[in-house]
């Protein structure tokens, strides 16, 4: 039996059929390159429906770019960006932020991937001292890289603190739809409405082929972003094929249905796996991921059947993810395999 | 009548049906992210068939990235990269090369976009002088941004000179297939075989949806490129959708058929338009572009019907491009419109 | 009474008379610029006497530059540099390292500013994983920013671990002479001999007017540094005035005498101040600094008389520094002032 | 006879006695580091006397830094900086500008190193086009690297054009005093009064030991420069030793007397050498440099006696420079040597 990749990452899924259909049907005739086309205009309109009329939005190829370029637009070389130690920005972008923004990431240890005012306060200092990086942005991930979700109220508190200090609030929303589905609130209610200034809005992990968006809730902040994007190697020539995906994604609740489904599957996985002896779920399951400690000696044995990432060698903590295409049957089979494999005590 | 975009750029075309079919059929099941998948392995194999067993190849999203990251891998911050004044690298990447590579572009005026040893020799100097940027790379575009094509022998001469000086030869091959089709030689014969060290190999302009490749003809030069690519925001998560395009593109001569067709259409356009009074073709038509001077007062009048770029305000020189999807009928209608519009003397 | 700056920083001192004399006497006739002069040759020779014949050494203007440029020469954009959270590199260079090297600082919390293998081990990982910054350098400060000193054996253990992992050991030796004096070992014994690969060697804090040195213990590592330095805005035109300082500094044990004196004064300060009620010295006094917790309400009152830095608002921890020019009388007067000011309970 | 360096560069001179005296007398007592000291306040006051009350001024170590950091403060990563091909910025800063500012230098060929509106106009374009670098700064050198001098009126015309296009005018004034002396106008009359926005003001080439200044004529433009300077490795700890030099330099017309002398010596050199057969002076002698074509075969023969730079291998054009310490006798002896050496036809 070949290794099964379905719980390894929401990136392992394919493209949602509606998205693919949109791509196929966008392939007719000629369309001006680089985003001046009708597909892009319609997609932008969809974004404004969801995020408010005052936003600006730009499409890029992937989430690393959305984060780095969105932040580059609002931070100077002498600034610091405060984020959780576990932030994708910090651990999984190969120091792209440092290299392309040219500024410092100040990383904050957390229990669950979530920043709080108390946690960041010690790092919000040094304003005006020429020797130290000047705090400029706090970046949070929603849901976090640990699958936990900020409530709108929690974001509001952070945003108020951040703004009071003359700083900006950035959100890495690579899986924002999963948070929205989890909280049962609209996309705007957990972003612009509660003080987010700049957002990376993900699509790929929830059914798109490729394409992410950078959303600016204040148009003054998006000034010059077209140059930052082009220079940043992220201006797609045949833009219509990103735009049509986003138009479809934000229509007929596709974004929400996909996210709800993925969340539900993770919940199901959690319910079933939490009773497996020797599996200890270590984070609240609030979106589409389950983080669990399993016996170290079972990791590779289980990985022979199902690919998954060891999130933290300490534990070890492993990560299992669901996506829009996960089925109940998939979950059942997986839990069965986990149960069997761990029951064997994983003897060599 | 809405503006017609078909001669504006080869980026205005859609996706070749075979490519789209491949994308659709790659959308089944789960596939590991970030390039460890079977699609990518097969695509790499195709590249080795065409470019030689010893190459390394990596996929990125677009041509700007292929240029910048390929060069970043081989140049240090204190190096200079010598290129034609008209190089895409110089004029159409919003100083991304300077920003991300962090080094100097030394630009050489040319008549036809082609560098020669005589032209670059004055800039290949200063080795060891700590005050000046150290020459490291010569970058040529094949075909050039002016549609002209280097012969294999011309590239060989450049490569020998470059290597003799301890430097490397980079090729921006955003439209390499058009050059290959024009010269009736294989892809390897005008790249690795004649001394190219690093190549940006384009796909998007010749029928792909998105995706370009960086080809290293010496594996020592590709060391660390996976980090440069990830950091450079160009590692696609659902890589299979780029890879399957390239596999298809390099199979059954699709790359060649598309390029030959586009070239033939440009040739046809040239043959028909060259007799239009007041159209003066100013570059040899060796690939899929026609560069012509037309009366200044006719530019905007013609642009009301057909979108095209003014390449050089001096002249003015305009650019008309053909693609794999251009038809003979398209060309005829376009030339008819040109003839009519210019005949009217473009009076206001 | 004006504020007294003498215990605020070793940078508040002037220039040692012997150094000034050397500067004055170097001011005769013409001398080739940028380091090809006789003064520089003699200074380099002095460095080789102290650090070994196989080193390469280059002069720069200040310590921030020595750190950033030395590290830039050995780290790539996708690398991480592991350092203590308290490292000057991290906290007092205004994110210059991130900006100019373009890579990530991984910061390690410590008790006393000193790294150990146990402390850094969790960060030495991810080799070959394209998503994460590749560990390349461990940077230690000797003495640390907290005044503590690594023994040669401690450095050796770190160096072995670092090298075993294919990494390099960098030392910020802004006050290296104070460590050497404290340990009673030569400069080479605590650098090249115990595995340091690249060293920032300070002069300004110990009696020079300006000028620091970057020492490479393996000439392969210094390749291209002349370009990195020039590009890095650190190539002095009238280099002789830096070189003559270093020649003098490294002659007749001036470096050692100055450092021994500063250390002795700090020791004296410690001995006297440790008995002052409500002063709690919180770091071992192993070089020329005393770190102490004093009552928060007394800080500004004492600062009205003597300028000093609050090193950590928690505590608060304050820093008092001695230099080559501090006298016993200075120390006595200062301790007297501390005693009196704190005795008053600092009531408003 | 050892090689004589006196005509090789104005950097080959030592320090003017008055400057050295100031340095020596600044070496008393303790002084707060990093520029909060009294010496710096007095020096700033002197700058305001000469350049106007509304300026901001910051000291850095050298001219490369003054250029790069001053420009970094006013240009974004997607901007272009237009300068003469011969600009120090372009040819002698080892692509530091590209690396540290991260933007493009657009270089303009000139006859005499001077830009004009006609010369730069073709490069002031593309505003708003996301594909191209956005023009932001024009940088001129006064006097130019070819020794020629802009009149105030010429600068005014340039400044008006630059400002009309929403851009800024930067001046590399490494030898500004020589221009001022040549034109017999004050420093303000050829900078702020005629529209210069940011100035690199040199000292080292005209009698200082080290130290240059960045002058902002609009305080809005200097916002954040303290961070850019610190991050840029150019914040001197013992700042008083730069400041006292500038205070002295700008007092009692020292800057002017030194510059007038150097200019006069260059004029004398020109008068004497222009009659030497086979010496052809090729630039107007308006400051302290003489550029001449001499027979190629005599270059190295003459360099055995006097060190000088070949400025352009074409010609070859050589550069002879005078400084504040050049004497009439020096000039006479040098011309005598030139005459003799060239008379011999430089046979091998």
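Letters A, B, C and D mark the chains in the order given here, with residues in each chain numbered from 1 onward.
Everything that follows uses one rule, which is that a contact is a pair of C-beta atoms (placed from the backbone, for glycine too) under 8 Å apart; a residue touches a chain by one contact, two chains touch by 3 or more.
Source: prediction; values computed, not measured.
Colleague: So which one's got more C-beta contacts, B-D or C-D?
Modeller: By number of C-beta pairs in contact, C-D is the larger.
Colleague: What's the chain with its C-alpha centre farthest out from chain B?
Modeller: C
Colleague: Can you check how far apart chain A and chain D are, centre to centre, with Cα atoms defining each centre and the answer in Å?
Modeller: About 51 Å, centre to centre.
Colleague: Calculate how many whole Å lie between the centre of chain B and the centre of chain D, each centre taken as the average of the chain's C-alpha atoms.
Modeller: Between these chains, centre-to-centre, one finds 41 Å.
Colleague: Can you compute the centre-to-centre distance for chain C and chain D, using the mean CA position of each chain? Integer Å is fine.
Modeller: 33
Colleague: Of all residues in chain B, which are in touch with two or more distinct other chains?
Modeller: Only 34, 77-78, 93-95, 99, 102, 130-131, 134, 227, 230-231, 235 qualify.
Colleague: Would you mind writing out the residues of chain C in touch with chain D in their complex?
Modeller: Touch residues, chain C against chain D: 4-6, 8-9, 11-15, 20, 23-24, 26-34, 60-65, 68-69, 93-96, 99-100, 204-205, 209-210, 227, 230-238, 241, 307, 325.
Colleague: Residue numbers of chain A touching chain D in their complex, please.
Modeller: Result: residues 34, 72, 76-78, 102, 130-131, 134, 224, 226-231, 235 of chain A touch chain D.
Colleague: Which of the residues in chain D come into contact with chain B in the complex?
Modeller: 77-80, 91-95, 98-99, 102-105, 107, 125, 130-134, 313
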